[in-house]
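Here come two complexes built around chain A, the first alongside chain B, the second alongside chain C.
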Partner chain A sequence: MVLLRAGIYILAAFFTGLFLMGLGRKITARLQRRYGPPLWQPLYDIAKLFSKRTNISHGLMMDFSVIILLGGTLLSLFFLPNPYFKDFLASADIIVLLYLLLLPSLGMALGVGEVANPNGSIGISRALIMLLGYDFTLLAVVVGLSLAYGGNTYFVDIVSQQGGSFIHWNLFRFPLFALAAFFATLGMLKLEPFEVMVAPHEIATGPMVEFGGRYLGMLFLQYSFALFIEIGIFVNLFLGGGGIILFTLKVISVFVVGVLVNNIFACFRTEQAVKFFWKYPLVLSLAGIIMVMAGK
Partner chain B sequence: MGIIKILLVPLAAAFLLLITGRTRILREVLAVGLSGLFLGLSLFLYGHETSFSLKLFSFQLSFSLNPLSWFFLFMVSFFTFLTVIYSARFDYQKNNLSWFHFAFFMKVFSMAAIVLASDLLVFFIFWEIMSLFTYFLMVQKGGEKDFSAGAKYLILSLFASVVFLVVLVSLYFKAGSLNYLDVSTYLLRTNLSYTVFVFCGLVLAFLVKSASFPLHYWLPDSYSNAPTTFTAFLSALSSRMGLYGIILLIYILFSGDLSSFRLSHFVNLRYILGVIAAFTMVIPTFTALMQDDAKRLMTWHSIGQGGYMLLGIAVGTPMALAGGLFHIINYASYILLIFLGIGAVEMRSGTTNLNKLGGLIKKMPVSFLAVLFGIIGLAGIPPMNGFVSKWLLYKSTIAAGFPFLALAAFLGTIGTILSVYKFIHNIFLGQLDGSYQKVKEVPFLMQLPMYVLMVMVWALGIFPSLALEPISRIQMFFGREPLSFSTSGVALSAGHLNMLTINFVMGAMLVLAAAVFLIGHRRIIVSQYNNYAAGHFLDEKTKYNYNYHFYPTLQRFIDSCNKEFINRGVDSIARGARQVSWFLRRIYGGNLNYYAWGITAAFLIIMGSLWFY
Partner chain C sequence: MIKKPLTQQRAWQIVLNRLRKKSLWILHYCTGCGAIELPPTKTSRWDMERFGLIPMATPRQADILLVTGYLAKKSLKRVILSYEQMQSPKWVVGLGSCTIDGGMYWDSYSTIKKLDEYIPVDLYIAGCMPQPEAIIAGFGELIDRIEKGVACGWKDYYRNWRWYKINQQKVLGEFDTKVDIAREAEFYRLKNGSKEYQRKN
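Up next is the complex of A and B:
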């Protein structure tokens, strides 16, 4: 029974993520006055990639890397407050969750290192420097929020305290944190203007350079879950979580706003992105922390 | 009597190895056997509390065993044992091994004596012996660079000792005794300014030893020039002796609250230590990022990680103190593991230069795994032990109301992740250079300590209670409230950390991901030259690797504000001092004219001042 519910949760997260990927492509197309691919194109892409005949591997670490990538992402799925599966939520700590999300990145980085292509390593070097921008901003937001809740970092508590009317949402109580966290979420999702390490024009010079066939398929799979988790974190922190329908709607609306931002910005270089994060979102969240401290 | 037995073992080992050092088999069997005995005895002492004293002239030299000293004694004996096993097969370039073992065991002996001392005089004596033998071990290779690095260490150590001695003498005349209990009762009833004087003097001496910012710059040079097995041991334990001193100072000598020692309305000693910890966490970590030598990179981390321990000790809530103490043992386990990996690489490839290595993963898989486990612990990523102690520190720092200290800890962790990836990438990943085609894995006896430490790093991550149990005894010994923990995590009123659940879910999800991965056609394994190169042809002669200047963007950022500026500042002071001394030396030139001028000048000054009054 538990297994069945866990399976349903994984599938729900997967299809939500896939739907978002398809929706994003559709919105982008319409903004560019194209018709765009079918909504479920990402699913067809994954099926195609897994049925490829040539799967080039550079060694065991590369195989393990995609397994750690997907497995680690699925792991953090269970510690995100969600309306589907609550069995492990007793250990859902926001700091634990943010650090669990680093495990898949580390796995991927090791695999990219093993392919022995300098372009891949350059991509990882860029992606890790970006961590200094968005991850640190998000951590600053989390520090501020938990300070406001008396040092509590238990994620379920942070969600439940926003219950009742939408006035209680942290989006309205802590608008500075919300704005900073929104930019950090864009960075985590690798949307423009923070997509230099995985941008389409950087495929040959990014982490994915030697990943093809089902290796690329695993990356696609992982991205669908990552979309669900990373937007889910924002929804839980600032929009008060919610039941199945409400939660999904909130996830979709945050993503739509993200895609719109994605379409109006060009790509930042790495140091521009880090500078941007340290100049605006980080300063916003530090100001928020000072306001929380002054309010005590 | 347990204390004297356990102190005699490393002392006996030192002298026996000095005599038998020339025969290889005898030396190794003796070293491994005696350090094993040392470990066994210290394990046997768990939970005991005894004391012992002997009279030397008019001084009472006393030792005692308490939960705090047991914790450090266990670490010293355990990591000594692993280092000795590893170094049995390690390939030393020079052959003065009997001397090496003598100095090594003398150092272990003095470290054990320091943690068992219950008297500041005993502490001081063995502190000096430890510094002396550390110096001998550093210059053991005997190069010009080693001597200058050793001199740097010696000068800073002497400075710390002088400060220590001044405080000691003053305390002896004021309190009448140097026993911890007497000193502590005296400090409770004396006035605040004297207490602050004692505190600042001792903390200065200990901060030098624990290499805290801004007194840290001696460490990277002196540690990274020592032989790698010894760098491992030094990094894991030696600078933690300074931290032991700080814990002793705050929780035993000053049983009061740190924040009650106010220098002004806003500034108290807790803040000051917290700020030192914050700088120690951030600046050395980002300096580590810029290093091109594997040993140097990790020695910078041994400074940076000290900041986390200091943070826990300074914040001082039950959770923070437990986190700080837990981080000491976690750190020792994974840094030793990483250094054993570096030692293996150095022995087989002959270099620790990060710009020259690469691609060793297929040649040395065990060392790769060891380093991988170590860096996951060091970076504080679940499921390894470093995450648990860092989580305790983050959470307690936020809860105690220090959000900016918590942010410094987070920033330090991100810097650590960046630098450890560079570290493992440049050694084991990327393209394998043709000259390392014949590299082999190290012999089994050197792999054994790596396996032990890998198990330890992960086991402490799954069952933190293994270490939190003795730590809670320490907290009770201090008369503080212990941290409430469960078998596999930390129990809190709202939400708890359960590492067993995390590991269980992780295992299940990795199996699921592996099952998904197995869908589809067979994979083809290709060589590293079968690679995308934009149409260029790759072969053994083409260098197709990215490791030099790994984070160019960040380098530009950091160069403008950091780049070992303390080191440079100190160097310029040294240059200035040398110039002044050159000038002063000319007064004593052996030339009578100078003396005549000097005497005349002095005479004129004396006469002038007499006339003036």
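Up next is the complex of A and C:
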């Protein structure tokens, strides 16, 4: 029964992520006055990638890297407070979740290390540098929120204390944290101002440069889960979680705002992006921590 | 035309072909002059993303190799390298008259005349230059052929790789892409039938 519910949760997260990917492409198209692809285009893309008959591997580590990538993401799926599957949440610490979020990048680095393509190495080094930017911001936000709730880092408690009216949401109680975390979410999702890692016009999709066929299909799967998790963290921290319908609606609305930002801004360079994170969102979250400390 | 019996394997192929035709990623090889017609095809007026056609950055991820305009002998090398790095099933589209018969460069010393002699072309879009309408119509034709399963240029390359290699070496001299075509042909279980071509040559 537990396995069945876990399976349903994984499928729900997958299809939510897929829907978000399709929706993002559709919104981008409409903003550029195009009709855009069908909403389920990512599903066709994944099916196409898995139906490729050649799948060129550059070695054992590249095979393992996609497994580490997908495995790490699936693991972090179960530590996210969600309306579908609540069995593991009693012990789900937000610090653990933040650690698990590093796994995909590290798995990617392992795989790209075996690929002798310079674009791949540049891409993965950019990804790890970007991590310095948004991860510190997110960590500062989490520390601030847990301080506000008396040093409690259990994710479910942070969600449950925002119950009742929307006035109790952390978005309104701690707007500084919310703003900083929104930038961190954009960085995690690799949306436009912070899209330095993929940059198809510049370094030919970066770390994915030698990944084709089923390998790229696995990366697409991972990205659909990652969308659900990374937006889910923001929704849980600041918008109070919710039931199945409410949670999904909140995830979609946060993603739509992200896509709009994505379409408006041009891309930072790597050092500009990290500088931006250390200058504004990190300082915002530190100011938030000081306000929380002063309020006690 | 005799209808083939519908086996399990063939039914599966039909399903896969229907999925494949909906998502085609294009690797642009635009050293010739045709590239200027592609931005309007991609952007708001003609919008080729409607059909799931989007440009891709690397050969490993692409399904279609789009060669626009003439190819100099030097750039032919790069086209062959890119083509052999792509993952099957893959298709080649020749855009513009130059890929068909040399076009206005028909008597040039440094360009090749027929792209079809060096890599298998699935579809030509004629014109000098073909307009975005023609490009969209051409891709529509390619999508139809992929659905029917008759666009099999990549199989042709593995079946007759000796003929293609001889042609490539006539132009490029000693040229080795370091891709083991014979082993890949064995992987796809495609037998080498280059006899027919040798007669034609």
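Everything below uses one rule, namely that the second predicted complex is superposed on the first by the 293 of 296 C-alpha atoms of A that agree within 3 Å, B and C clash if a C-alpha of one lies under 4 Å from a C-alpha of the other, contacts with A are read in each partner's own complex, and residues count from 1 in each chain.
What we mean here is this: a contact is a pair of C-beta atoms (placed from the backbone, for glycine too) under 8 Å apart; a residue touches a chain by one contact, two chains touch by 3 or more.
If you're wondering where the values come from, they're calculated on a predicted model, not measured in any experiment.
Colleague: Should chain B and chain C be called a clash or a fit once both complexes are overlaid on chain A?
Modeller: They fit: once the shared chain is superposed, the two partners occupy separate space.
Colleague: Does the superposition put A:Ile27 against chain B (first), chain C (second), both, or neither?
Modeller: Neither partner.
Colleague: A:Met291 in the overlay: touching chain B, chain C, both, or neither? Say first, second, both or neither.
Modeller: Neither chain B nor chain C is touched by A:Met291.
Colleague: Which partner, chain B or chain C, is in contact with more residues of chain A?
Modeller: With both complexes superposed on chain A, more residues of chain A are touched by B.
Colleague: Based on the superposed arrangement, let me know which partner A:Leu216 touches: chain B (first), chain C (second), both, or neither?
Modeller: Only chain C is touched by A:Leu216; chain B is not.
Colleague: Tell me which partner A:Met208 touches in the superposition: chain B (first), chain C (second), both or neither.
Modeller: second
Colleague: Kindly classify A:Val283 by the partners it touches after superposition: chain B alone (first), chain C alone (second), both, or neither?
Modeller: Neither partner.
Colleague: Is A:Ala47 contacted by the first partner chain B, the second partner chain C, both or neither?
Modeller: So A:Ala47 only meets chain C here.
Colleague: What angle, in steps of 10 degrees, lies at chain A between chain B and chain C when each chain is taken as its C-alpha centre?
Modeller: In the superposed model, the angle at chain A is 110 degrees.
Colleague: Which partner chains sit in contact with A:Val256 here, chain B, chain C, both or neither? Use first/second/both/neither.
Modeller: Touch partners of A:Val256: none, neither chain B nor chain C.
Colleague: For A:Leu246 in the superposed arrangement: first (chain B), second (chain C), both or neither?
Modeller: neither
Colleague: Could you say whether A:Tyr35 touches chain B, chain C, both of them, or neither, answering first, second, both or neither?
Modeller: The second partner, chain C, only.
Colleague: In the overlaid three-chain picture, find the nearest pair of C-alpha atoms across chain B and chain C and give that distance in Å.
Modeller: So the smallest C-alpha gap separating chain B from chain C comes to 5 Å.
Colleague: Which parts of chain A are in contact with chain B and also with chain C?
Modeller: 51-56, 204, 209-210, 213
Colleague: Spell out the residues on chain A that touch chain B in their complex, using ranges where they run on.
Modeller: By the definition above, chain A touches chain B via 50-59, 61, 63, 66-72, 74-75, 78-79, 88, 90-93, 95-96, 99-100, 102-103, 106, 109-110, 113-119, 121-122, 124-126, 128-129, 131-132, 135-136, 139-140, 143-144, 146-147, 150-157, 204, 209-210, 213-214, 217-218, 221, 270-271, 274, 289, 293.
Colleague: Under the stated contact criterion, what part of chain C meets chain A in this complex?
Modeller: Listed in rising order, the residues are 16, 19-20, 22-23, 43-44, 47, 49-50, 52, 56-58, 60-61, 63, 87-89, 184, 187-188.
Colleague: Touching chain C in the complex: which residues of chain A?
Modeller: For chain A paired with chain C, touching residues are 25, 29, 32-38, 41, 44-45, 47-48, 51-56, 200-201, 204-205, 208-213, 216.
Colleague: Which stretch or stretches of chain B touch chain A in the complex?
Modeller: On the chain B side, the touching residues are 359, 361-362, 372, 376, 379-382, 387, 391, 394-395, 398-401, 403-404, 406-407, 410-411, 414-415, 417-418, 421-422, 424-425, 428-432, 489, 492, 494-498, 501-502, 505-506, 509-514, 516-517, 519-526, 528, 530-534, 544-547, 550-554, 556-557.
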